[in-house]
Structure formats: structure tokens, C-alpha cells
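Structures follow.
Each of the next two complexes has subunit A plus one more chain, namely subunit B in the first and subunit C in the second.
The block that comes next holds the complex of A and B.
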């Protein structure tokens, strides 16, 4: 062979790297460059004009705030429900695989499908949710889940809870299964109450999985697009508008490519900052 | 042993646990039940008050309608071709890179691993603008090829991770002894390692397929004509229509979501490892 074996990595790794640079790196850099251009200034001049107008754009700050609320509550609720279900499924339980599959279902359908089912569930007149809640006596009058300005964001978050908790559950379940049983047995012999066991055995044992689940979930929820697009398209008004749907509108409704690029660059920076600990952790392990 | 220890407190805890589990199942399943129920109704019954859960008049009209009155056949064809091509391409290059990362400890390896990971974090909206412009320029806007290239951005990093995970499990001694026998690295990769990880490769292809299948953003930005759009975009467009025919939309959603539901259930054991870049090994 004319290539020494220790250089052979190039043959394997470089095609992928080059492909990734072509299909992803190059457009990403193009997008960053767009964000410093304006329609008026011509091709040559780079300015900060887009970023300055970002700061002044009330819709951008609203959208940024909406995204923060949406992501924060989605992820927090995913963690709570995901951990609870994982712990239940980790205990000795008959028919565990069946429950696992059922709990996974909301997560596996395409985003659009999830958004549309819930749009129809939430329908104030013909939808299932009002009907059910009235039947079991939790509600007296139908609620306008998605068109009531006070409720729209909450309703969107509730759908996203349904959609996203299974993934957290799955990761935490894998984590729980890797905690050695004898730790609990030893604690039980010493008479440690369940809460103590949870704080001193379960949580430390899950630390790494929690970091992984948090990082990935935050990244996915910040990027979440199809769900909102199919369900509310950001409405009513801009009440459920998040960064991804707002950027899409700037691109393809208003054709402000440079401005849209600036928003997506801000998004990218946020995402990379959030995922940095995760990236660091994994590449160190490798 | 269990029975001997059972105390009133345990029974309470058991009841609470089961109650919680059943509530969670209802929460998960009700939207699907509603989707199925609506898809089997006539249009008039879908707009009935109060809503019915079991259709008074069962009909499969919607399931026929999506193929006959809507272009679901075309959408399905497009989604299948696009997702499959993306999946095969990304898994092939992913397997190559995965083998490289698994077997060679070269300078800059960590950096490249970090690069692959970081690319998985980028938002799609960062890329759709340039893609729209570049693809329009080279005549690939509104084509299946254009979408396949775009989907590689999502699938390639992911496939690399997954394939690396599978190749890591193949002992390096196999490679070493084959090299002693005079086999080249590429020969080892194609003739020894790939056949061993073939099941993993199938899983990776299926996962990448599903990643592409579920997308809306890229399809929305990079296609426009009815003959090029995907299942998800077809469904999303129906919602935008002036008068939504819910039974048909629900039938379409169910059929469009079915490949994902079936494949994920089939693949769920490998799911965690694939999605967490091997950070979680089940």
C-alpha cells in the first residue's frame, strides 16, 4: 500500500468531513456573511445594521421571550414527567415493554402530525378535549385553547410536553437501569428511607444522563418548528411565535434574507453555548 | 418473598403507581384514538356536537380519498425516494467516518469529533436561506435531489455516530489479524467489518430515513410544486386550506405517521444510543 496505515484515517474520515463542510459548513458561513449584509448597501459592504435592527425590533424581543418561556417550561416538564415515568417503569412491573411502547408513541410521529392532531383535539367546538373535560366534570364551558391569548402559549407547551417527555424518559430509564441494584439493597438494609435513597443513590447515578437529556432537549426545543407551524403558525398574533417560525417568516414571507440570517445566527450562538458542555463531555470521553 | 412483606402502605403505593401509569397511558393515547376515530367518520359526523368517539357510521372514504382526491401517492413516492436516498448516502459515508474514528487515533481526532457533534446542534433556519439561493442558482430548487442534499446536513453527523457505536463493538483484533494476512484497510472495512455490522447498518439507515421523513422546515423552504412535495408538507398544506376536511386530514396524518410509528417500535432498543452519540450505552 502506498499510504502508511497510520495515515489511512484520512481515507475513511475525510470523505465525510469534506461532504459535511460542503453541505453544511459552506452554507452556514454563507448565512453568517448574509447577516452582515443589507439590501441597500450593495455586495461589498459589511455592516452591523441587521443586528442593530434586531435590537430595535419589538417582534424579535417578543419572539425571543416566547422561545425562552416555551423551552424553559417544556424542558422542565419533560424532566419531571420523564423522570417520574422512567422510575415507575424501572420498578418491577408486568407488561413493561408494552408501557414503554405506549409512552414512546407521542415522540415518534412527525412533528407536523403531532401538531395537527392537537389542533383538532383543541378545537373549541368539535374537538375532543373540551368534550372530555366537560364530561368528567373538570370544565363547565368549552375553552378556546389556541385562540384565547391568555392560554395559547400554555396550550402549546402542553402539546410539547406530550410530544417530548418520552425521549427524556427513555434516556433516564437507560440511566436508571445502569445503577447497580445492590446499592439500593444495601441502603434498605441500613434502613435508609426511599427519599434518602432517591437523593443519595438515584440522582447522583443519573447525573450524566440528566446532562445529556437536558442538553439535547434544550437544543431540540429551541429548534422546534413543525409542531408550532402546523398548529398555530405563531398565532394568535405573535403569541406563540418562536425563533424558528419567526425566522422562517422573515425568509419566505417578507424575503428579508439578511435579516433572517441575523436572527438565525443569534439562535446558533445560543444553541452552541447551551450544548458546549455536552460536546465537551463527549469529545473528552472519546 | 414479596407476598410476605406486603403491608397496607405497600398496597397504597402500588395503587398510586398504577393509577399514575394509567393516566400517563391515557394522556399518550387519547390523541391517537381521536385521530383514528375522526379518520373513520363522515365529514358531517366530524362536525357533530357533541363529538362522537365511536363513529356512528364507519367509513373508509377518507382513506381512499387521500389517494384518489388528494395526491398522497405522489407525496409518499417523494418522501420515500428522498428519505431512502438520504439514508443510504449518509449511512455509507457515516460508516466510513465511523470506522475512521473508531480505529485511528490521529492528531485532531477530538477536534473532528467535536465538529461532527457541533453540526448536530445547528438550527435548520441557519441553513435554509443559503440553500434556497444556492439551489435556485444551480437549478436544484424544487427538486428531489435538492432535498436529498439538504437532508444530508441532518443525517450525516447522526449516521456517523451510530455507525461508530456499532463498529466500536467489533474487536480490533479482527482487523489486526487480517492485516497480518495481508488484507488492506479498505478490504478489512468492506469485507470484514461491514458484514459484521450489517444489522447496525440497517438500523442506521432506518433511523436516518425517519429523520428525513419527519422534516417539515426543509421541504417547506426548498420545494413548491405539487409534484415535488413530501408527505409532511402535503399534510401541512392541507391545514392551510380554506376549508379543512378533518376526516381526510386525520387519515392522511395517520398514514403519514405510520412508517415512523412502526419503524421506531421496531428499533426502540437502539434508539437511545443512536440519538445520544453513544453518551448513553444501553
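The block that comes next holds the complex of A and C.
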């Protein structure tokens, strides 16, 4: 054989490296270059014009703020609901596998499909949600979930809560199962109440898993696109416009490739910053 | 289709936007189905009569007019006829500036917004409505009138065959304020200049745009041909109750500006319209913001 055994790993790694360069490296570099170009000048001159316009674009600042609100509440609620469901599923529950599958179901639904389903459920005329709330007497008249300016963002976050909590639940459930049972038994013998056990055994035991779930969930929710695109397309007005839908619009609808690239570069920088703790943690383990 | 003396595309089909209405719902509301609304005032009066409580539970469950309010390409096709009929336009004739600061534009904008906010003749949830959802409202007898074209009856029929769309639906020219106007949809066949098979592509285009196939498209899908020797002579099209109305509107039709900024201009416009519809801003303020923003886009 002309390749020495100790160099064989290169052959195995090579296809992966090439693929990564093609599908990640090349588009990333092109986007960064694009973001410094202008439509008029092309790549003849690299300027900061797009970034300057970003700072002046009132829609961009609104969109940035909307994204922050959307991501903060989505992730916070994912964490709370995910942990609660994980603890229920980790307890002595009959028919556990069945409940685990049920809890995972929302996550299996692609987010565009989730958006379409919920748009129908929210519909003020035929929607199942209004119908249910009116029938049980909680509502007098149907609510315009996606058109009421005070409710639109909340409605979008609610759908995202339903769609996204199973992922956090899954990670935290794995974490819970790795906490040794005898810690709880010892604490129980010493007479520690459940709350104390939760604070001093469960939470510290889950720390790493929580960081992992937080980092991944934040990155995913910032990129969340199909859900909002299918439900509101950013409306009413720009109340539910987030960075992902705004970038999509600029690129694919308005053909402003350079400007859209600048937005996605800013988005990437923000995401890198928020995932630093996660990257740091992983690098610590090696 | 020619530009500077060179042929750029082969015309395919054309569509003009017209007002579709449910004759049975007209009768139930005491309106004559043979006398569709001609003016925007009549249209509003009809819409008010058609907005009612049909099952007696004290809540409105049927609305006069269904329309698109989402940021969708289908929006401008349905709003344009109103704007143009009021004597206004989106842009100046040279397409360099916004023309939305005219009194006519303000009037048209307020008319459309108030259909929802003041007169409540449009069902709730307008800002989230896409064309297919509006057609569903017509198919499910939730609304009595919508703007549509040749594709409307077959799609509505597919959504709810029980409605008997081809029988019960009727169409009429878009309601008039100052002048008859509507939006035109044109499709065309274009060949890539870098194709390796220009002859085959040309054969295909000739076949697709041939008399027989253009007529077959109408019979199968209600798509009206741009060919005068098809749409102007075929009895299937001339005697069709929908196609004849659409053909009568061709002289009043307008095509939206074919400029690169158009999608962004329309998105900006719809954003402002939605803000007026949900009551975040007054119609005047929303429209003047749209005017400024569109000028900024065109000045870029």
C-alpha cells in the first residue's frame, strides 16, 4: 500500500473536510465578502456602506429587538417546561415510554408545518383554539391571535414553546438519568426536603446539560424561520419580524444580496458571542 | 413581446382581476344577483348588507368582502384595482418617486382600511390572510365577495365542491370610484439565451402556445389565452360567464411596475397598511410613512 497506516486517517477525514469547506466555508466567506460590497460598485470596492445603512435602518433595529424578545422568552420557557416535563418523565410513571413519545411529538413536526397547523388553530373564524375557549366559557368573542398587535408576538412565542420544549426536555432527561439515585437516598435519610434536594442535587447535576441546552436552543431560536414565515410573514406591520425573516426578505424577495449578507454577518457575530460559554465548556473537557 | 425592436418573450395567458360574488348569498341578503355593485359606494352598501348574523346567535358569522391583507404577492393584485379606480397610483409615471401623497391615494387607502376598521365588512384576522385563505372563506360561505380571476372558480370548487362554485358564483367588473380600472396578470414564455437546445425549446414554446393547446388550457384550467385567434373566437371562451367579463376588462387593465425595487416597495406598502388595519397608526400617518419609505428606496 502506498499510504502508510498512520496516515490513513487523512483519507477517512478528507471527504468530510472537503464537504465542510464546500457547504460551510465557501458560502460563509462569500457572504462576508458580499457584505462589504455594494450593488453599484460590485467587488470593485470594499466598503462599510451596508453596515452603515444597517445602523440607520429603523426596521433592522426593530427586528433585532423583536428577535431578542422572541429568543429570550422562547428559550426561558423551553427551559422551564422542558425541565418540568423531564422531571415528570424521570419519576416513577406508568407507561413511561408512551409518555416520552408523546412529549417528543411536537419536536418531530417541521417548524413550517407547525406554523401552518397553528395558523389554522389561531384562525379567528374557524380556529379550534377560539372555539374551545368559547365553549368552555373563557372567551366571549373570538380573539385575533395573529392580527392583534398586542398578541401577535406572544402567540408566536407560544407556538414556539410547544414546538421547541421537547429538545430541552430530552437533554435534561438524559442529565437527570445520569444523577446517581443514592445521592437522593442519602439526602432523604438526612431529612432534606424535596426542594433542598432539587437545589443541591438536581440543579448542580444538570449544570453541564443546562449549558448545552441553553447554547443550542439560543442558536436555533435566533435562526428560527419557518414558523414565523408560515404564520405572520413578520406582520402585522413589523411586530413579529425577526432577523431570519428579515434576512430572507432582503435576499430572496428584494434581491439585496449585499445588504442581506451584512445582516447575516451581524447575526453570526451575535450568535458566536452567546455560544462562547458552550465552546469554552467543550474545550475544557479535552 | 418586444422591447427596442427585439422579441423577448412569447405571451402565454392573461388574467384580469374582477369581483366574484356568491349569488345565493346575495339573494339571502335581499340583493339582486343580476345587479352586482357598480360603484365603490354601492359595493360598500352591498358589503354592509352581506355582513350579518345568519344563525341568530347575535354574532356576525358572514361578511361582505374577503381580501388579502398578508404580506403576499397576491395583495397588490387585489388592492391595485381600488387604488387605480380612485384615480391614484403607487408611483409617478417615470417610476422614480412615490405618488402616494395625492388626495386620491389617501382616499383609496382610507377606503380600504375602513372596510375593516370602521365598517367591519371584512372578516377578522385580515393581516394574516393569504389568497388561498380568502378563497377558502368564499368556498365556506364566510364571505360573499372577493377579488379574483380565471383561477378562482376551479380552486374554490376544489376547496368545497358542495358550494357548486361554477353555478353559484358570478363575476362583475371591479367597483368604480372615478374610473374603471383593474389589475392584469400576464404570463409569458422566455428562453434562456444560454440554452444548449434552442431549437427544441422553440419547438416546445410553439407547441405550448399553439391554438389547440391554448384552448385546452382554458377548458381544463380556465386560463385565458393571450392569443386573439383563441380568446377572441373560441365559443368556449366567448360564452363563458366568467371569461367574458374578464375579457371585457382588458382595456381598463394595468400591469404593476416592472422594476427591481417593486417587491420591496410592495412589502413596505403592505407593512404600513397592516399598521393602519390593526389600529397602530391612523391611515394618514401610515400612508405618509409608506410614501417616505418608498421614496427612500427609489432614491437609493
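Structural remarks
Heads up, the rule we're going with is that the second predicted complex is superposed on the first by the 280 of 286 C-alpha atoms of A that agree within 3 Å, B and C clash if a C-alpha of one lies under 4 Å from a C-alpha of the other, contacts with A are read in each partner's own complex, and residues count from 1 in each chain.
Operating definition for what follows: contacts are C-beta pairs under 8 Å (C-beta built on N, C-alpha and C of every residue); 3 or more make two chains touch, one makes a residue touch a chain.
The structure displayed is predicted, hence computed values, not measured ones.
In the superposition on chain A, A:171 makes contact with subunit B only, while subunit C stays out of contact range.
With both complexes placed on chain A, subunit A has more residues touched by B than by the other of subunit B and subunit C.
Of the two partner chains, subunit C is the only one touched by A:235; subunit B is not.
In the superposition on chain A, A:116 contacts subunit B only, with no contact to subunit C.
When both complexes are overlaid on chain A, the residue A:125 reaches subunit B and subunit C alike.
In the superposition on chain A, A:249 makes contact with subunit C only, not with subunit B. Contacts of A:205 after superposition: neither subunit B nor subunit C is touched.
Looking at subunit A, you'll find residues 119, 125-126 touch subunit B in one structure and subunit C in the other. On subunit A, the positions that touch subunit C within their shared complex are 119, 123-126, 141-142, 144, 146-149, 231-238, 249, 253-256.
Note for the complex: subunit C touches subunit A at residues 59, 70-72, 123-128, 137, 140, 142, 260-261, 263-264, 267, 270-272, 274-275, 277-280.
Only residues 17, 20-21, 24-25, 27-32, 34-35, 38, 46-51, 53, 93-94, 96-97, 99-101, 103-104, 106, 109-119, 121-134, 149-150, 152-153, 156-157, 160, 179, 184-186, 189, 213-217, 220-221, 231-232, 235-236, 239, 246, 249-250, 253, 256-257, 260-261, 264-265, 268, 271-272, 275-282 of subunit B touch subunit A when the two sit together in their complex. Of all residues in subunit A, only 1, 5-6, 8-13, 15-17, 19-20, 23-28, 30-31, 34, 81, 84-85, 88, 91, 93, 99-113, 116-121, 125-128, 131-132, 162, 166-167, 170-171, 174-175, 177, 208-209, 212, 216, 219, 222-223, 225-226, 229-230, 243-244, 247-248, 251-252, 257, 260-261, 263-265, 267-268, 271-272, 274-275, 278-286 touch subunit B in the complex they form.
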